[in-house]
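Below is a structure I'd like to ask you about.
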Amino acid sequence: MLSDIEIFIGNIKTLRVYFNLPPIMNAVLFLIILFLTFLVFFIPKAYKYYYSLFLLTGAVVLSSVWCFKVLSGSCQVLDIHLDLPAFGNSFILTIDRLSAFFIVVVNITVFVGMLYARGYLKPYYPTKNSLSFSVHFLSYLWLYLSMIMVVMIRDGLTFIIVWEIMALSSFLLVIFEAEDRTILKTGISYLIQMHVGMFFILIAFLVVGKATGQMSFDALRLYFSNHSNFLLFMLFFIGFGIKAGFIPLHTWLPEAHPAAPSHVSGVMSGVMIKMGIYGILRVLISVQNDLLLIGITILVISLISGILGVMMAIVQHDLKRLLAYHSIENIGIIGIGIGLGVIGLATNNSMLSLLGFSGGLLHVLNHSLFKSLLFFNAGSVYHAIHTRNIEEMGGLMKKMPYTALLFLTGSLAICGLPPFNGFISEYLIYLGMFKSLSVVNLYQSILILGTIVGLSLIGGLAIFCFTKAFGIVFLGEPRSEKAKTAKEVSHDMIFPQFITIAFIVIIGLASVLFVKPVFNIISAEFTLPDIAPFAITSINNLTQISLLSGIFVITIVILLVYRHYHLKSRQVSYGPTWGCGYTAGTSKQQYTATSYAYNYNHIAKPILQTKKMMRDIREDEIFPDERTFKSSSDDIFKKLLIDKPVNWISDLLKKISVMQTGQIQHYILYAFVYMLLVFLLTYFNII
Amino acid sequence: MSIAIVLLKNKTVTRIITIGFVLLHIWLTIHCWINLNKTELGYFTFSSLGVLLLAVLSLLTIPTVYHGFIYAKKDEAKKFNIYHSALIALMTFMTGAYLANGMTVLWIFVEATTLAVAALIYHDRSEMALEATWKYVFICSTGIAIAYLGILFLGFIYGRGDASNLSFASLANIINQANPLYLKIAFVFVLIGFSTKMGLFPMHTVTIDAHSVSPPPISALISTTLMNVGFLAIFRVYTLFASSSILPFMNSVLILSGLLSLLIAAGYMLKAKHLKRMLAYSSLENMGLVAIAVGAGGYGYYAALLLLVLHSLTKSSLFYQMGQLSRVLHSFKLDECGRYMKLYPAGALILLLGMICILAIPPSGLFITEFMIFKGLVLKDKWFVLIVAIILLCFVIYAMSTRFLHILFSNSRNGNDAIVPDVINPVESVSQFVLLGIVFTMCFYQPPFLVDLINQSIALLPK
Amino acid sequence: MIGFVLILIAAFFFPGVIVRAKSISSGRKGPGIFQPIKEIGVLLRKGSVFSNTTGLIFQIAPAISLASIVCAMLVIPFANHSALISFEGDFVFFSYLLASGKFFAIIAALDTGSSFEGMGANREAFFSMLVEPAFFILLATFAMFTGCTSFSDIFSHFFVTGNHYVLIYSIIGFYLFIQIAMIENSRLPVDDPKTHLELTMIHEVMILDNSGFDKALIHMGSYLKFSIYGALMYNVIVPGGWNIFLQIILFMTVQIIFATIIGLIESFRARNKMNLNPKFILTISSIGWVAFVIILILTDKLI
Amino acid sequence: MVNYLIVLFAVTLVYFASAERLKVYIRLVGLQGLLLCGIAIFELKEMNTANLIFIAFESLVFKAIAIPFLLTRIINRSGVTKVHHLAMPGFYSLILSIFALLISVILANSLINSFVNTIYMAIALFTLFTGLLLIVIHKLIISHLIGFLVVENAVFLFSLAIGNKMPMMINVGILLDIFVGVLILGFFGLRLKPHTNELTMLKD
């Protein structure tokens, strides 16, 4: 494979001559962009979008150039010193292969999202004032910049700062429609949970700093070499996991994504939660012992996230909420890949590591693509009918064919069905597991078989969920007036998504092109011994898959073409759907989302606690009046982990506020009590 | 000078004199800065800490006076003049307190500030103002009396005729052979006494009441520079005793009152209904952090001073903004405020940025200080304090952001759609933007002179 | 190649055999073996009727599902003659390919906007979701047993290990394959294709609205699926490396036996209650786990 | 001689705890002023005369005359005579004051110091506690005022304790006196309605 990669690199090296900036130029350009972003406040309202698009393009191009430099192997690690005369301490942006990969992921989605935003934001121009737009665009730019800086910065304090800037800017993006109190509440709870996560990371870094004297990712290796790895790793894992949305740390995710505007939720769910994955990987690189324990922990948590995530997704009626839960599921899949990789490291099973890590990493890219695509289309649907409730949709495929096709592609990809990209990453993970089944010992084999079952179950559930989503939203008859009058959204919302589609299809059909660099990254970051043979065989398998997928597509085309001419020669007539003799059916008689999930709910009830709201018909009711049926499922983890303790503590705190009685003698009393307290504490040597 | 204002009945003259005073003050600051650590008039030493806080003060004089002009525009000449004379007096006393080199002199100036503040709180002659003033004066003087006892205890351990003004320099020598019990009592008394000024638990209560009635520019001073005065007094004594055996005791006492302050602040903010009171509680929270920082020691000292400076800048700009907000929304009641984003965008931006700053969310400079505090705590293995503080901080953030953002975006519950806001020229908010801008820059870059000043002021303390 | 052809041939008479077995066991003479194929011919000659509700999905779905099945055939080996296309983990591709075919079948059913077909779609999705793990467990155990990860390698190495207990194992494999095939093709006991009531159908109700060419495609698809699973069973129970003609004969016999078994089951037992099906399918997965334990013993991991 | 005065002073304090009528309070305040004046004269013999006279004058004028006078005016204006609205019955306040006495004695005993007369220390602490107690257990503003005046006296006593060492201290204490006497009493005492006890508009 190395030879193949040489060739691969060779092709890129030829390109490289075009982008050869002197290093100082990089820094200067980057800083210029950073400072230009603030001018968005002074641009007239109508041009703000174009201005920020211009800046974004500049940043994307610049960072892509850097990634090219690194991925093409021209330099292993690219250091960019942002030292200004004004700033005493210089920030150093370090781009190694991992960072470069994530930058590529971020660039694609954020750019497409910006293009999509133009159409999406149009209706808001009359109602919102110029300031809110400035804030929105500024936050969007800074979300992007902070994300690429997160993957480039190694120093602990600076990392935390940009990490939090990321959270802050995304928060400002979420509350774009903050006139709605619920959205505002959601945004705030999101901000708080992000802050909590930040505190975890902060403490983890402080522990490292205390032990090694310096706070940075590079110091981790030193720390891990002579301290217990598991605890510190768990600190990091919780901190990053809150961002990534592993169950049970996911509680912010299904709330924030529906609240945000669609281009934002696309970016957030597509790439921002991946920053958590990046952090975990970055920490894992330097972990040295306790590997098996860590790997199993990650694996189990990810399995739970994957299965529960999709299980909860099925019962949602809010389209974007459903997608949000699917993000949890996909994070689970990525986590499974990473966990397997770690287990591979622990058992010197470098093949498992290679396939696991690469599967996870590639799924990061894939998920960013199709999830953003799905969110964009959910946004288009919302634009068309101004509701996110699936039960009010239906028959939209006739009204908005492009959106429907895009959504269909996204669904197929997210279900991991060939010939689309989702399959490739899942295949890599499967392959790793199946190949290592025969070599590992008893317990690991049980673990791995369990994972296989879980992964296949996830696949099945995903299909179940997306047949429901696509079928109920786009097929059948319209279920409400809104859906009847829907119109296809404007082209500037449609076309940007074809960029994403292109990537999805290319990864699906020409997977080798993307898997090779990923293999490269993994083998470079986690120094894996003698993996060349595995890599080569996997590459061959992938070529076979591409071939077979190609055949699949061709067969379909042939069949359809044949069918076309076949039907031409026969007579084709149209009529109503077969109603089993009952011809006066209405659109209400269709299968709804709820009924579609009915028998599933039967077995999933103990986990999901779906609640039904309905009145039964009493016996003495001869002519039953109108009945309504409503079913909802609430997130058990949110109740247990967030609501209950928070309410408890805040009630406790509120009790304190009786102290401000407004009576002087009480105020003096406090001084007394305090003196007494200090006296007692001192007397009993507590302080 | 202030007396002159009282005598003269003319507004414009007052204005001129005030501006003259501001210029004078700035000149004084520069003067002190140039000859650092010199002693003048026997009672004043330009110690680096004093100069640092003095610089903050004279940075704030300009916007304070400016907004004061706007605020008191409609008042008749007498009120106007009293206001400004008291303002000048307050600033002078605070300056004196910053530069005082003896415990007694410091104490005198602190006591004097109470007078000036009382006059200012009472500016609008309402029942509430009267009540607030009464409480403020009463509690403050009680506190000051207690502090005075603390100083007397210092005197006891000292007890010799010469240098009877208890100058820090002369005290520093004999701390070691003193009876630690005396020191402890003295410290506790001083802490409790000056906590009235610093707005720290246990005597935080009156400052908060004062905020809800006093004119916004004055609140800006009360909750920033005046608090610095209180902190300075406590910190001087702390520095004095730091060399003695009771350092751990002092640390734990400070952490205790810091945590209690945080607790109370968090508790109140969850229920706060009055905007300025909420800001007052956030000052309480920040002072609690300062106390914890000093208690943590090590990095904490630096963090404490930096936090003090940045908090002064942020909080004052927020209070100036409150002044403008009251002109737009005609109310500080949270139920009656709303849609500020639409009514006065520039102000809304200030509120947003100010919120980010005061909550120490990066890229606010306060985050750096918070970070250093945690670092200090971790290095000292004070895990319990760390965790409790973090939890409380999260609640503070929740409470404060909820209220601010509702004011910014959502419609008020009682519906303020009817009100007609007077149009404010965004230029009036420039000063606030500048202050917040400074705070944001501090996150990435602290100018060397600042770092030097802080390091000099904590040079005596054990690392 | 040879496997591909054989499966095609088997597909021709497979449904006929089922029908024949059923009719004989119920004391009738029954139609000729090739009757179903003739019916397909009839369908092909006919025109089509489409519902007004349906759209593009409904038109393309049958073709896609058939294509998926045809491509799935490509990875099926015959004894130790490896398949046309064979690579590590090809059975993952196999099952996901079938899944994508099923995906389209389901949304096509939803496209009609009929409540019956929605029901069928739901059940199809639900049951195939449940049966997915069983298939994977079985294949995983194969992979563990042989240390290979592609159909061809697995089946060519299946009997090579001289261990005689392998027979127990191949029987279990055979059984599991039968059950999985039943569910995948929605026959008894999970689903009764000949039921007269839409409410109780699964697969049939999904294709109520298909007619003519599309229906023909769907039928071909299901027949091919049968013979594919038949081929898998053959590979499980018959060692490779015997005489090729003998093997071909054995292959056909296995297919016929499989078909007769289906016919007999359908004539002698009733369909499950619909809400018992999940339990039934999960039992299959659990039997898969039993198989896994057996493998642990066979590979001396569990002493 | 000094000690007798001091003991007398202590007695007044106990009486404070038990007294019910404001008039009594005022008389007590005046009496304390006189006592303090006496103490000052006896204690600070070896100080230079001018300062001594000043202090004596101050304590006489302010503590013994001016403040009681102002208080009387206030009471006449508001017409409250009895200290009702006790937060707790007088009985307990008496007990508390005894406790305060004991505590302060113990504390003073543990604070023996070559510069300070221990009796001073004890009584001064006692005074401080009594003053704070007065503030805490009464609801009436006027009683708060009186309590504060007692705290004042405590401070004065303290400063006398080391007065001959550092007269500066005493002067500062006197400054406090003037400040309080003039500002609190003269301004607020007359402006506020001192018989009101619900100054509780400002609270959460």
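Chains: A, B, C and D, in written order; residue numbering restarts at 1 for each.
To be clear about the criterion, a contact is a pair of C-beta atoms (placed from the backbone, for glycine too) under 8 Å apart; a residue touches a chain by one contact, two chains touch by 3 or more.
Just so we're clear, the structure is a prediction, and the values are computed from it rather than from any experiment.
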Partner chains that chain A and chain C have in common: none
Leader among chain pairs (count of C-beta contacts): A-C
Most remote chain, CA-based centroid, reference being chain A: D
For chain A paired with chain D, centre-to-centre distance based on mean C-alpha positions, whole Å: 70
Distance from the mean Cα position of chain B to that of chain A, given in whole angstrom: 44
Centre-of-Cα separation between chain D and chain C, whole angstrom: 101
Chain B-chain C separation of Cα centroids, rounded to whole Å: 79
Of all residues in chain B, the ones touching two or more other chains: 135, 138, 142, 209, 268, 271
Chain D residues counted as touching two or more neighbouring chains: 132, 135, 141, 144, 199, 201-202, 204
Listing of all chain pairs that touch each other, if any do: A-B, A-C, A-D, B-D
Residue ranges of chain B in contact with chain A within the complex: 135, 138-139, 142-143, 146, 184, 188, 192, 201-203, 205-206, 208-209, 248-249, 252-253, 256-257, 260, 263-264, 266-268, 270-271, 341-342, 345, 348-349, 352, 356, 361-363, 367, 371, 374-375, 378-379, 386, 390-391, 394-395, 397-398, 401-402, 405-406, 408-411, 443-446, 448
Chain B-facing residues of chain D, complex: 110-111, 113-116, 128, 132, 135, 141, 144, 148, 151-152, 154-155, 158-159, 161-162, 165-169, 172-173, 175-176, 179-180, 183-184, 188, 191-192, 199, 201-202, 204
Chain B-touching residues of chain A, taken from the complex the two chains share: 86-89, 129-132, 135, 157, 160-162, 164-165, 168, 175, 178-181, 184-185, 187-188, 191-192, 195-196, 199, 202-203, 206-207, 209-210, 649-650, 653-657, 659-660, 662, 664, 667-668, 670-671, 673-675, 677-678, 681-682, 687
Residue ranges of chain D in contact with chain A within the complex: 87, 132, 135-139, 141, 144, 199-204
Touch list for chain A against partner chain D, complex: 657, 660-665, 668-669, 671-672
